[in-house]
Amino acid sequence: MSHKIAILGASGYTGAELVRLISTHPTMEIAALAADRKAGMDMGEVFPHFRHLTLPKLTKIEEIDFNAVDLVFCALPHATSQAVISELPKNLKIVDLSADFRLRDPAAYEKWYGQPHAAPDLQNEAVYGLTEFYREEIEAARFVAGTGCNAATGLYALLPLVMAGVIDTGEIVIDLKTGVSGAGRALKEHLLHAELSEGAMAYGIGGTHRHLGEFDQELSRAAGHPVEIQFTPHLIPANRGILATVYVKGDAEKIHRTLHRAYADEPFIVTLPMHFAPSTRDIRGSNFVHIGVYPDRREGRAIVVAALDNLTKGSSGQAVQNANLMLGEEETAGLTLAPLFP
Amino acid sequence: MSHKIAILGASGYTGAELVRLISTHPTMEIAALAADRKAGMDMGEVFPHFRHLTLPKLTKIEEIDFNAVDLVFCALPHATSQAVISELPKNLKIVDLSADFRLRDPAAYEKWYGQPHAAPDLQNEAVYGLTEFYREEIEAARFVAGTGCNAATGLYALLPLVMAGVIDTGEIVIDLKTGVSGAGRALKEHLLHAELSEGAMAYGIGGTHRHLGEFDQELSRAAGHPVEIQFTPHLIPANRGILATVYVKGDAEKIHRTLHRAYADEPFIVTLPMHFAPSTRDIRGSNFVHIGVYPDRREGRAIVVAALDNLTKGSSGQAVQNANLMLGEEETAGLTLAPLFP
Amino acid sequence: MSHKIAILGASGYTGAELVRLISTHPTMEIAALAADRKAGMDMGEVFPHFRHLTLPKLTKIEEIDFNAVDLVFCALPHATSQAVISELPKNLKIVDLSADFRLRDPAAYEKWYGQPHAAPDLQNEAVYGLTEFYREEIEAARFVAGTGCNAATGLYALLPLVMAGVIDTGEIVIDLKTGVSGAGRALKEHLLHAELSEGAMAYGIGGTHRHLGEFDQELSRAAGHPVEIQFTPHLIPANRGILATVYVKGDAEKIHRTLHRAYADEPFIVTLPMHFAPSTRDIRGSNFVHIGVYPDRREGRAIVVAALDNLTKGSSGQAVQNANLMLGEEETAGLTLAPLFP
Amino acid sequence: MSHKIAILGASGYTGAELVRLISTHPTMEIAALAADRKAGMDMGEVFPHFRHLTLPKLTKIEEIDFNAVDLVFCALPHATSQAVISELPKNLKIVDLSADFRLRDPAAYEKWYGQPHAAPDLQNEAVYGLTEFYREEIEAARFVAGTGCNAATGLYALLPLVMAGVIDTGEIVIDLKTGVSGAGRALKEHLLHAELSEGAMAYGIGGTHRHLGEFDQELSRAAGHPVEIQFTPHLIPANRGILATVYVKGDAEKIHRTLHRAYADEPFIVTLPMHFAPSTRDIRGSNFVHIGVYPDRREGRAIVVAALDNLTKGSSGQAVQNANLMLGEEETAGLTLAPLFP
């Protein structure tokens, strides 16, 4: 017996990634696809890689009969998400992939997003969607807010270490490299092939990237006291994948042991043996996370490297994983696809 | 109840692609993985993108107990394949992915490969693995020879047209663009990133590429008389995907209708509406083929464009599809993964 | 003593390529840079790769004192070009890089561009800028119209052959692969890195691409009778470079000899030895053209492959070459930069 | 009057880059090109992008008449360089591009390269080739040792800051992203297009990369006391370019001012305005360095980002710049080519 799924914002990359994953999911069935500006079109016109699938036509959100839907994935842009979700039936299961409900503190939201939150009640209800650290809350939740893809990558490297107190929380630097699909299907000059390929650049330098709001929130919660890290994302000429290189002060062996233990039973988190380096090519198109640990030549310092696919484990794969829990399904259902290499 | 599978040549790209596909196949189970030079290693060391899987260690071929195996995929290099398969038990089901058994005529083999065939009996037994055109023979076969990936792409565009007699068989030009993974994991200078990226080049120009042996064989068989085409492959800076642009003389409407009819019931071949162009991005990582047809401004001429993923439908996906038939399974089992885009 | 140069449309890729070439030109000096929407900005803000240069600020076209200018490069979009050039002083030397003045026949212009020409007098005056075939006219010209980059590539392969009558003009197929910079800095979805990389696609299929107007015009003129070719451009994941694979009927030896002789004294056209294949990587960033010839296995057929950089020899390098002639300078001045590889 | 130049190791990427730069150098002339394994070949066969040039044939080193040579560029692999240079005439001007003579301390050499130095006298004579910091020594030198490309990038960001004492030398982290050409034309699996494209990975993690020997040497010298930094290089899917993201403790304004002053008169080092980020695309193919500075949200911390082209300013361009000084030429001769973008 399958669950009826609606996807709002189906014409973007995370929407398409949801369709890809659900297309071989054993117990989910796509009942509705909404994309306002492309309403009336076939999904196969918008994304020709879905031409082989039989899918409902794209509609406007208001045309969807939400009574016939078991769970909604909301893959809408920031701010739009708040407005739309406020209007959805209050008993509907929802997984939001936008940035709108990630920050629990309204003041933090306003600080990072530059405006007051329009739906503080919902913000309060939303469970932060980092599955491995909020599993029980997610199982019981009606409404889950997906994490930022950069935040997820850094948090997988750091959360067990901060919880276990094995690193100095005052001295954390995350240098992150991300593929371009994380920026979405937006028509921006720096996302053109001719501008991006053969290049590498930092952006959001100096602590201005919004995902820092999530880092602050989750690392402070884990530490039990305020934690502020340094974080610099870089855009590299690849489509998928995030590599976070995390510089910490602590004992490398202890760090490796802590991560290994923390993730020993996790189906999607692979702690590599000491001295093995993750690469984004090794997780592309999959829900897996690879984490490696190295001691530095300077005693008491270590480097933790984490890699995941921003569209899968960093957003849509995570969303399906959370939906599985919310629907009482096997957590890994539909998510065991191996990475695509080469 | 699952079929025990052995893969010979598991450390190459087609071997890895077989593992990827079988890892989510409902009724196949990997019983043995052979890779002579890497015997003793874990597959996860050779291909870190498989670290999440529990797989048998890599062994030498002679260490495999073939009595415990239902079907062997042989992903070995040209010439090695002949030698190895000659030694395998005569009742074992085999799908070969090399070039060794594609040409039925020993003289044609010697012409294109420069040496006499070492196993002419097996050559005679082998069924050409272009599933959609040899389905019944494959269902009944013990031994199937996978097609060349370039040949498959061109043949999907042409075979129904030649069979139906709707194009001039004396005037066929195939201009083909292929990603680099078709060349395998070989250490060759022109396959280095620094040499290939930002470039495009033709190779095997003027009718010297070995896949012409397959084109000649299959198109002549379909036509009932000798057919010789022109064929120029090009290497482009992409990892996966083949795009064949085929110039033919014939009526575009009739051509489109013929292809549409021929593939109407095929699960993996999508004939696009007239005037729609395939792109390799739309089939990447999948077993699907996209075919488009355009009339030329010059009456009586048309362009047929076909796209497939060389590692999936062009080799390992095709191999699994054929194995499904040989094992009495659903033909599409394990092969419905949607393409990976972006 | 240096020539004062103005560039109209300096914020696009061809404008930037002009600045790059002129920055090391011995006798040209940039006197004015116009870019309407970016007027007031420094060129180093629009194109940070020019931060090391001292350049005039971007202005509006009407702010330029054309009396203080010796030659204008007009790198404006199609249609805008007509309007702007009509208003320029009638004695000013102009090299236009747009498509507006390439077609001599007003009817042909209207057919390919869908509207009547707004400046038929200028259209009549314009010399077609394929330097090697219009050298004397260009030396004497006030107004030169740069060629299409695709057209240039194909014409370099074909013009000497059509002039010499060594190929069948009724049976010419050009299959062309082009990098993305030819499409300009336009914000279009299919030009995004995430859409284009790892893909290959045909466009303008079936004889609809506007550069066919140029092919028709120049090949018919060379043949002395109407010639219509087949032409399919493809977009590949590279920034610069065009590779044209041209299928012709004729004797390969004779074809090679004809090209070799035609280009023997040309400073920028390199006819490779028989059986050598050009690659776009070998001409990237330079004004050189590489041409190779191969016999086909089918007697009486040959393949000619030509490669050039669309932004250099295909537009801005060609423009500088023509300006050199118009200004009485050495034809190769500023254009001998070696290709950038890797 | 031009200087006769010999290049040893002309068949590698740095050798080719030397030829590219010298091909438009006003006062250098290539008198000899050596490449042992390719002796007897034309340079245009080894590197078809040089087909337009008239160059001496490749020879063996021992065939070169060094009396007819004014300066030798030695672009040989590590260790080979020591052996070859030991045998060259003692009065010959030499610029070495290998790693063999960068470390002044024999013990440091042995530590990082795993074997004793074979030519300690020469090692002692060699001047470290970071032009902006050793200009006078280089002008007077007979023998200059080119820097590591990663080391150069980091040192441009750091040396003025360490000299001025405006950062904490105990807390420096360099996270560096490099294109693949820095690894040379070596046939290694991880350098294949199919392995590298669409990926990002760290290597030499934890303080094991040999360029740390140079960082230690130069930063300690500048500080007047031992300095040990943290340094992690990453391989990204691009051919050229290094981006170093440097995390320091110090006041951002003071840091920016210090860099701006230090490089105010430098022809190749561009200090960007505060809050501007360098990108490798902006220096590709050129001898320029771009440096940007950002304050971090955490007071007293800053991020310095530096970008250069590893083959130009990181090796062959630097070598020509040093050779210009050694030969009494204009320092910028042949090096003012603008970057290639897109």
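First chain written, first letter: the chains are A, B, C and D, and each begins at residue 1.
In this section, contacts are C-beta pairs under 8 Å (C-beta built on N, C-alpha and C of every residue); 3 or more make two chains touch, one makes a residue touch a chain.
None of the values given here were measured: they were computed from a predicted structure.
The interface with the greater count of contacting C-beta pairs, when B-D is set against A-D, is A-D. At the interface between chain B and chain C, over half of the residue numbers involved are used by both copies, so each side presents largely the same positions. Averaging C-alpha coordinates per chain places the centre of chain B 45 Å away from that of chain D. Computed from the mean C-alpha positions, the centre of chain A lies at a distance of 39 Å from the centre of chain D. Residues of chain D in contact with two or more other chains: 13, 179, 181, 194-195, 197-198, 237-240, 278-279, 281, 284, 342. Chain A makes touch with chain D in their complex at residues 173, 175, 177, 179, 194-195, 197-203, 205-208, 212, 228, 230, 232, 234, 236-241, 243, 245, 247, 277-281, 284, 294-298, 301-303, 305, 342. On chain B, the positions that touch chain A within their shared complex are 13, 16, 19-20, 23-24, 47-53, 181, 197-198, 239-240, 268, 270, 272, 276, 278-279, 281-286, 288, 290, 311, 336-342.
On the side of chain D, the complex with chain B involves touching residues 13, 179-181, 185, 187-189, 191-198, 237-239.
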